[in-house]
Amino acid sequence: MSATLVLFYLLGAACLLGGLGVVASRRVIHCALFLLLSLVSVAGLYLLLSADFLALVQVLIYGGAVTIVLLFALMLTRVTDLTTRLDNPQKPLALVAALALFLILVATVAFTPWGPQAPERVELVALGRSLFSQWAVPFEIASVVLLVALIGALVIARPEEDQ
Amino acid sequence: MIALEHFLVLGAALFCIGIYGVLARRNAVLILMSIELMLNAVNINLVAFAMYLRPGEFVGQVFAIFVIAVAAAEVGLGLAIVLRLYRNRASVNVDEIDLLKW
Amino acid sequence: MNLWLFLPEFLVAGLAFLILGTDLVLPPARKSLLAYGGALGLGGIMAATLTLQGEEARLYGGLFLVDGYALFFKEFFLLLGILILLASVEFVEKNLSHAGEYYGLILFSVLAMMLMTASGELLTAYISLELLSFCLYILASYGLHDPRSNEAGVKFILLGAFSSAILLYGLSLVYGLAGTTEFVAIAGVLGSGEDLGPGLLVGLVLVIAGFGFKVAAVPFHMWAPDVYEGAPLPITAYLSVASKAAAFALLLRLFAVAFMPAMDEWRGIMAGLAAVTMTVGNLVAIPQRNIKRLLAYSSIGQAGYLLVGLAALSPMASSGMVFHLAGFAVTNLAAFVAIIAYYNLSGKEDIPDYAGLAERSPLLATTLAVAFFSLAGLPFFAGFTTKFYLFAAAAREGLLWLVALAMVNSLISLYYYLLVIKQMYMVPPSEPGRLRVPGLLKGILVLLLFGIVIIGIYPAPLLEAIDGATRFLFP
Amino acid sequence: MSGWSLPGMEWAWLAPVLCLGAFVIITLWGRRLPQGGAYVAISATGIGLLLSLFVLRDLLFSHPRSFGFTWFEAAGTRLEIGMILDPLSVLMLGVVGLVALVVQVYSLGYMHGDPRFSWYFAAHSLFAAAMLGLVLADNFLLLYMAWELVGLGSYLLIGFWYERRSAAEAAKKAFITTRIGDVGLLIGILMLFNVTGTFSISRTLEAAAAGDIASGTLTAATLLIFLGAVGKSAQFPLHVWLPDAMEGPTPVSALIHAATMVAAGVYLVARTFPLFQAAPGALEVVALIGLFTTLLAATMALVMTDLKRVLAYSTISQLGFMMLALGSLGYTAAVFHLMTHAFFKALLFLGAGSVLHSTGKMDIREMGGLRRRMPITTITFAIAALALAGLPPLSGFFSKDEVLGAVYQNQGPIIFGLTLLAAFLSALYMARLLFVVFGGKLKPANDHIHESPLVMTLPMMVLGLLALVSGLAAMNWAGPLLGLPAQYQGIGSFLFLHEAEAFHARPALMLSSTAIALLGLFGGWAIYSRGWIRPEAISRRFAPVHRVIENKYYLDDLYGGVTNRVVLAFSNLVALFDRLVINDRGVNGTAGLPVLAGGKLRYHLTGKLYNYGLAMAAGIVLIILAAFLL
Amino acid sequence: MPVLTAILLLPFLGALVILLVPSARVLAIKVVAAVAASGTLGLSLYVFLSYDHVRGGYQFIETYRWLPGAGISFHLGVDGISVPMVLLTGVIIFAGVFIAWNTALRAKDFFVLLLLLVTGVMGVFISLDLFFLFFFYELAVLPMYLLIGVWGSSSDFGTFIRTKEYGAMKLTIYLVAGSVLVWVGILAVYVAAGLGTFDMVALGRDALTPDLQRLVFPLFLVGFGVLAGLWPFHTWSPDGHVAAPTAVSMLHAGVLMKLGAFGIIRVGIGLLPQGAEAWMPLLMVLGTINVVYGAISALSQRDLKYVVGYSSVSHMGYVLMGFATLNPVGMSGAVLQMFSHGIMTALFFALVGFIYDRAHTRDITMFGGLAKRMGTTAAFFTVAGLTSMGLPGLSGFVAEFLVFVGTFQTYPLFGALGIAGAAITAIYILRLLARVFFGPLDPRWEGLSDPTRIETFASAVLVLVLIFVGLYPAPLMAAINSGIGPLLAGIPGAG
């Protein structure tokens, strides 16, 4: 078993563990931390997939921004107290649905001929260049998306001046 | 060497964990977190496909970058709306918001 | 590369920024100027967009398309944008704060819809779709102190994000199988006869589920009634008309161009989805009391009819879909504008509140009645002709059973529409006095009524335009 | 003036058309015309009568002819309307025209002062038109049309005083009852049309005679046609309408219920007689129905106390007589009796009308001794009554004798015996009327009465004369006496041109019939005038029988019960079925299903966000599974 | 001159003009309606008179491009079957407008909708394109809901209550339900023929194979049959007629029910003759049930209008029986019956309307002796009643007689049942006359009066038509004959 494979299993396990923690933990703060674990492991997986830039982005955006925002939100909404129930009554059904879908997806992965696998590194420079040439339009749109989200967050979350 | 299927199964698992989270949680913020898990699962898929299947092509990675960007924005916006909800109702539990039904 | 081809998008984005900027300097009492200005601007852009007529280009390797199809829908969305802006003014003044951002967001959403129709590649399509969704999430929660608007926003964004994740997973599978995200190239792979295994089907189902959410197809529809009911009225109108149209426009291009070769895989799914969607939508509409909620369910039913066209995908069926979409948009908008006008005057939106409307305001009652008759597919009005055309196309593709079911559903829908008409025409009003509808809304109503009738009795010009547009889907 | 000649047969159509014209004119402008337009009606009928005389003259010196034209064409099928002029139709033309004219003149006096005087004459004209059309028809289509219009005319005239509930009900009853017969008639006609492809009566008769029609079909069709005759001629079991129809003005009864409409049934059978001859078993049915009816009605005539009702039952009885004659191959006898009966029965009714006009009463028990105040009425009434009783040499004697002869010749002794019994009964009830109404002492309440005006008595005298002498037409010397061509001797040879039928003088028969008549009259005199046997005593002795007869054998009650209880109950049931099963279950139930489904289904939107998500996930799983499995 | 377009547009333009007249100027509104109606009558008379029945076939043909891509064109034309129907519509709207002269409530809306209704009806009769036939077919249903719901009247007999809203809703839903089947049938023909056209002339009668014809025909039979009052889908008809205001009842029972029958003949038998042949025995059974069942139901009704309503069900049965014979005589009788029943039932409803307007009740048991105060009404009612009973001299006789002749040629037993139905008709009609108009006058009706001059004029027109056709059916039959012939040419078994 190669080292990369071991690494993959480790990262994968951490990722899934984090995921499970997010959905199963009884304390919201723990959930947030588990999420961080999972997201960071995903960044590790990106490295395994030789997507270095993506790993960086992942750590920066998710590990930094998103998690912190989430923690803020959790604190602002004061749901940190231990007594609150976090799961809803349809939990068993949710489990059945998720498992069923998982089985389907695994079967799909297993039975689909994915074609010749020739892993190859993506050059960071090429990626960067294409992002601003080939993908200029989506890039522009994405910027508008961020702007809109900003405006929306401001409008919606900002306390009214007149109150 | 790691086979593509490894990544795909991992992605599928994470995706389904995320789905479970969305379906089983009642706290709006936790639901948002679960959705982030799902998006990450998608990204694992995209990046794995990009690396394994078509040498020289990296649409998957580009796609993943955009997904990350959108996901981040989504979290921000979602939290803003949830905060507004909290301000109006003093709760972020989604089973308590059912004024609209039937 | 010819940047000129981006003219409409640039102009709309610029207009949006202009409005956001002007908002900063405008006194609160004058915010309605933004809407008028925006509408005027969009009108100008409509004219400017016409200069692109006849242009055909695949920019950036096919991820941004300039063709008749996109052009048609761009004009269409610009027009809808104008109408929504104008229909919102009074409502916004009375009920909402942050008017400038409101109008700006509407412009951004118009931009998003235009981009959706122009995208020829999965990533571009996705990001445009997200832009639209973001605008709508915000607009749906715009009633900041209205718990219902708030609830609508939460449900909308959480379920919307959930559905985008599902869509994305499906897209990732498609990408994994095809190795590309460009529509034509995908079609090439799908049509190559290569065995793609179950991955294709699962991917398609997930994509359909994701889009099913956007167009409110059962069982991915459940957000729609709640959000429609909770959102501010003009936004409900916008959701039911524009965002649905945009989603269908994208869906049509995606399936007609990219997934056409795999039609056998998804055709049955679409047909089943159509059947369930129209039936559930129309059945549940019957007991509704809130008129917005009623229209939400009726829109679900309409989505079912449109899915029939998708299930029968052929040049005629796609024309039929677009045709019905256009007719439906005009009709539904007419209904909503009348409802907005009545809400502005009375603050009411429950069906029993419409008692005696025919006496209090013949125009509003007539508009609603005409719109409902049109939605139910009665002749002289758009709904009849568009449905006939769409269903004829579907029947030609061997989906007569589905058409029959759709007709039965139309019948059911007639029942609940008539219930509203009964309130308006046969029950005496609970309050006396005539209602004075402002001139602007009156103008819009008359215009829309005219549109409904014209599409109903002289559809040839519109249909020719549509045929010209959908021709690009089947080169 | 060679181009000008007397109108002949080709002008016969004018008679009904003139009457129809009178109807239209009086309906539209009657109120503005002098005398309410009565003279329009009378002159139309008069011209018609005159015309029929010319036609008769033409016929006598030439041969029967028929005329036809296409009314319209329905997708290849020609609907023709035709007219036949043969002795039978011309005879009827004359009788109908004559009686109609006489009655109209009489009505001038009788109906004087009625607020709807003008409408009376309009309806009268309509009726006369229909009746004239009926007798002229050589075509089942025209015949049926006229047949129905006759029914309409009678409906309008019976219900003339519609303010009276009883009149309205009687008119309705008459129409509906005869209509039941008409159903049979129409079915019969169409069955024949189906085989022959023509509505022409002559051609149908030829086909039947030639054996072109299967005997089963023929018998069925013939009997159905006879059902029509049964309805119109008030034969058992459809006789119940006629007595009630006396609610109409009395001249109407004279016209319709004595001379014309009720004779239409007999006429119909006579007209289609070859069918009956060709159809096995048909004549037997006709004879039996006739015999039964005549006895049944005669007994009822004996116990009724209402003057007009007695006459009505007597009419039924006499019509039964005619049917019996037809059933016994006595074609001439039946038609002859039809003619004489028309005269004397009309006269009887006019007399009754005259009595009613002056006393205002109909119950014979309140009358008596009227001869002292109403001599003309008494004499004419007596002539008619005696003619009916069959006293020689009055008209009834000859025609009844013919009937008896036919029965004697062609039926067994039992039937003949019963026929004699019926003859006896008719003499008896006529004697009863005569003696009770006109004989005896004048009741004080009737002291004020006086004879009717001339406009009424004159028509009675005309009819009286006819009742007196028309029987002589039977005699073999009648023809030569009138200067007719040699082939015509008595009426028999006129009616049966080809196989001339002479008057059979059967002395034994004539003697016994006279004896029977005298016996009846004597019995009547003994009971009702002398009181040797008290009628009350008889009725007491046979109380149950009397009660049954007095109640019209409970037939009216039975029919009334059937229509009111059974038919209405059934119709209520159907209406209820329509509402409860078809409408409430079927229609509302089906419509309720979606409403119900929608009402239940709406709750799938729980308002809980995670439920929505679950539905989406489950939907995806299900779609994938379904896509894989299907 | 494009006459047919003019016929179609005239009532429509009338409606538009009325829309522009201020609602306070009631007289002007009525005058416009009257002018439009008279013009329509005039044009339909012109079409009737100048239709060349010797030449036969479709005449006055007009074709305009509409949606060539879908194979839809605006194709108008009349044949011998539609000509009488056009005339019928003209006559009835003419009478109807005058009978509705006293409409006080929202007269503007009323006349607009009434004229729209006529546009729809006319359109069905003269359309030669399936799309437009269907278009106008539904257009004719559309105004009904409002016309009944707003201007109608409810029935309330204690245990039996039918509100006008119920009647309106039921009628609308029912008729549209029928049209769903029609629509499916039309699309089936469109697809199965594979010609890519909705033009009935182009489709002809052999567009579908016999097997397909048999499969599709029931759709048209039941779909159009619903509108024709086919048992057991008839209950909308009495309920709807009763609830409707007078002029609408007239148009509705008079013309609208004929649309259904017309649809069966034009679309069903015209396009699918062999399918029709296979299904006609069933139609014969149902038609006969219609006749007898309708008549028996009419017998026990307490509401005057319900009697007339069920009588319509019964009489439409003759039309269906006539169709079912598939022989020339029966079919021509059926078409004539459509005309005759249209006029007759319109007259009935007009007269019932007069009574209801004055007495404010339609309960038969409350009446008695009305002839004394309403002589003209009684006389006209009698004429209508006699027509309904099939009395010679009136149009009903000719029509029913032909139907009987036709039926006897094919199904003698059903013919006999049909004739028996006519006898039951006599019972209920005569009962009605005796109950309502004859007998002693109930003192509470002392104050009643005969209809106004305008109303009398309008109903007299109908009476005259009944009598004229009854006495001289030849002109009408000439047209009908020329229409029936080609229709039956496609049926091998038809004589």
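A, B, C, D and E are the chain letters, set down in written order, and residue numbers restart from 1 in every chain.
As a convention for this text, contacts are C-beta pairs under 8 Å (C-beta built on N, C-alpha and C of every residue); 3 or more make two chains touch, one makes a residue touch a chain.
Here the structure is a predicted model, which means the values were calculated and not measured.
Visitor: What shortest step count links chain A and chain E in the network of chain contacts?
Guide: The fewest steps needed to get from chain A to chain E is 2.
Visitor: Applying the touch definition from the top, give me the chains sitting in contact with each of chain C and chain E.
Guide: Both-contact set = D.
Visitor: So which chain is farthest from chain D, going by the mean of the CA atoms in each chain?
Guide: A
Visitor: Please find which chain has its CA centre nearest to the centre of all protein CA atoms in view.
Guide: Going by the distance between chain centres and the overall C-alpha centre, it is E.
Visitor: Averaging over Cα atoms per chain, report the distance between chain B and chain D in Å.
Guide: The answer is 97 Å.
Visitor: If you average the Cα atoms of chain B and of chain E to get two centres, how far apart are those centres in Å?
Guide: 64
Visitor: Using Cα averages as centroids, what's the distance between chain A and chain B in whole Å?
Guide: Measuring from centre to centre gives 6 Å for this pair.
Visitor: Please work out the Cα centroid separation of chain C and chain D, and write it as a whole number of Å.
Guide: 78
Visitor: Provide the list of chain B residues touching at least two other chains, using ranges where the numbers run on.
Guide: 8, 15, 18-19, 22-26, 31-32, 53, 62, 66, 70, 73-74, 77, 81-82, 84, 94-95, 97-101, in rising order.
Visitor: Can you pull out the residues of chain E that are in contact with at least two other chains?
Guide: 173
Visitor: Residues of chain A touching 2+ other chains?
Guide: Each of 88, 90, 93-94, 97-98, 101, 104-105, 108-109, 114-115, 135, 138, 142, 145, 149, 152, 154, 156 in chain A touches at least two other chains.
Visitor: What are all the touching pairs of chains?
Guide: The set of touching chain pairs is A-B, A-C, A-D, B-C, B-D, C-D, C-E, D-E.
Visitor: In the complex of these two chains, what residues of chain C are touching chain D?
Guide: 154-155, 158-159, 162-163, 166, 198, 201-202, 205-206, 208-209, 212-213, 218-220, 222-223, 225-226, 265, 268-269, 272-273, 280, 282-288, 412, 415
Visitor: Would you mind writing out the residues of chain D in touch with chain C in their complex?
Guide: 591, 594-595, 597-599, 601-602, 604-605, 607, 609, 611-613, 615-616, 618-620, 623-624, 626-628, 630
Visitor: Quick one: in the complex, what on chain B touches chain C?
Guide: Residues 8, 11, 15, 18, 22, 28, 31-32, 35, 38-39, 41-42, 45-46, 49, 53-54, 57, 59-60, 62-63, 66-67, 70, 73-74, 77-78, 81-82, 84-85, 88-89, 94, 97-101.
Visitor: Under the definition above, what is the set of chain D residues touching chain A in their complex?
Guide: Against chain A, the touching part of chain D is residues 608, 610-611, 614, 617-618, 620-621, 624-625.
Visitor: Could you list, by residue number, the parts of chain A that touch chain C in their complex?
Guide: Going through chain A, the ones touching chain C are 104-105, 107-109, 111-115, 134-138, 141-142, 144-145, 148-149, 151-152, 154-156, 160.
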